[in-house]
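Below are two complexes that have chain A in common, paired first with chain B and then with chain C.
After this line comes the complex of A and B, so read on.
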């Protein structure tokens, strides 16, 4: 887990509208990640229809020094994690953990009665940003929220 | 005295109360508030409506409270505060707010809630914070309604709320007067 270097976390809504894109690497511009997120959408839809059971979709594709992992919920919300490729092989379990935490953070945010789920607007919430930040920088889970127990994938 | 109330409250919560899912409860209250905000578009008005709703709940809730707890009359307002906090809040929300800042004449007290099940996962929009919106204002109405049915006219209002960025969530309760039964004209 210590070796994983997350360079971007992106969340795409069900109409393939961007909800949240956070860039953790100083070396790549934000625009690049917008582009990656966009490309990933099609790959994810295709992959999800093949792999019926799991929300975790594994490696979607690789480009240059980046590898892109995907996770799609049944409500068609897509989570994308982009890693700078390290020397060690990344375990599926580690990635699933990361996605579970992102999913948790998203669920906590969606539980806010003032957030409109279908509004197509980007997510603007300090608490949410802090949680994603903690995940992206590999810090321990920020405490305090109820919904931190998403069921592990079978 | 306080210890006794605490035990009573816990016993009632454990045995005599039917429970529901906390998320369902939080989301239901959240959707009520969100709908009111959409309908009235004015946070001060929503405050008033929540208080009114709470008042209606309170007038009925007190019967349930008295029936289930079987407690007798309070000697003074201080005892009322303890009962509200240790038995009332415990029975209905499973929390025990601390009773603080009792005024020297014993006619005012504060309830400090360290957790608020109504407001889990809630983040207020910026306009709400500017307009002095109290998300859990229904609780103030419940306090006013229920205490009125036991012959106490009180004023209950929020002082601070963690949802608005304050450190603690505090409700202030002031006794205005005791409502004595009025003897109808014509009787001695």
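After this line comes the complex of A and C, so read on.
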């Protein structure tokens, strides 16, 4: 996981409205990632209808020195991660792991009663930002995994 | 195991049951009181103060106050369902079609909410799904010694919250639907989901 260099994490809502976008690399301006996130929407819809089963959609496209990965939840929330292309091969498993952590962070955030699910507002939450920050900078879990067990207790 | 790991949730079921029944009761009580106050104000303005006020609260369907109760309870359920599905669909594969979603509701969602699965699922393959639960968990404690028509009437408001949950779940999965529930004999009940045709 150490070789993965995340440049940007973006979260897109149901109506293709941006929910959250975070730039981790100083090499590109934020605007570029807005463009990338925007262009990814159609590709993701297409992939999701083709590759029915998994929420992880793999590499969406590459441009210049960046490669774009996508993930779409059952509730049609789209997560986009942009990587700076490294010299080594990126394993799908690592990417899935990253997306799963983003998903956890999002679910935790959606459980917040003060967050309106369909409000289409950008996400503003300190906790959520910390979690995404930890993922983006490649740090291990912080604060434990709150959703480690969601099945009802036996 | 990390020191700050949060333990899995364990919820006292009695409390949940009391809370859900009390939520319905409180809603009926407050909304009915408001309606009575309103109507009595209106009546005094018209000069006959004794009409409509002070009668016992009944659960008769069709009147405006019950519509308001229905709307509120259904909306609570809707919002609960919306959030709930984010949580329980997290580790699930993507749904292939509407039937897949309804099956998921019958099995996993029902298991999550009521610790049992739906007993019978019927569909006409044109967007109507009938989910039958022969032993609805929230009804198991309800006594059934009145005439059956009376108890059916009394129990109807308790179905609106779960109806809302189902609609919220479906809505957040991108399926617009109408959910109605009815019961003919306690503790059995049926939920009918009508999914609007996607063009």
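Here are a few things to note about the model shown:
As a convention for this text, the second predicted complex is superposed on the first by the 145 of 154 C-alpha atoms of A that agree within 3 Å, B and C clash if a C-alpha of one lies under 4 Å from a C-alpha of the other, contacts with A are read in each partner's own complex, and residues count from 1 in each chain.
One rule holds for everything that comes next: a residue touches a chain if its C-beta (ideal position, glycine included) is under 8 Å from a C-beta of that chain, and two chains touch if they have at least 3 such contacts.
Note that the coordinates shown come from a computational prediction; the quantities given were computed from them, not determined experimentally.
Once the two complexes are laid over each other on the shared chain, residue contacts for A:103 go to chain C alone; chain B is not touched.
In the superposition on chain A, A:134 contacts neither chain B nor chain C.
Partner contacting the larger number of chain A residues, of chain B and chain C: C.
Once chain A of one complex is fitted onto chain A of the other, the partner contacts of A:4 are absent, as it touches neither chain B nor chain C. When both complexes are overlaid on chain A, the residue A:59 reaches neither chain B nor chain C.
Contact with neither chain B nor chain C is seen for A:43 once the two complexes are overlaid on the shared chain. Of the two partner chains, chain B is the only one that A:125 touches; chain C does not reach it.
In the overlay built on the shared chain, the residue A:111 is in contact with chain B and with chain C. On chain A, the surface touched by chain B in one complex and the surface touched by chain C in the other have residues 111, 145-147 in common. Per the touch definition, chain B reaches chain A in the complex via residues 22-23, 26-27, 30-31, 33-34, 37, 120-125, 128. Residues 14, 48, 52-55, 72-76, 103-104, 106-107, 110-111, 117-118, 141, 143-153 of chain A are the ones touching chain C in the complex. Taken together, the chain A residues at the contact with chain B in this complex read 108-109, 111-115, 125-127, 145-147. Only residues 2, 4-6, 8-10, 79, 82-83, 85-96, 111-112, 115, 172-174 of chain C touch chain A when the two sit together in their complex.
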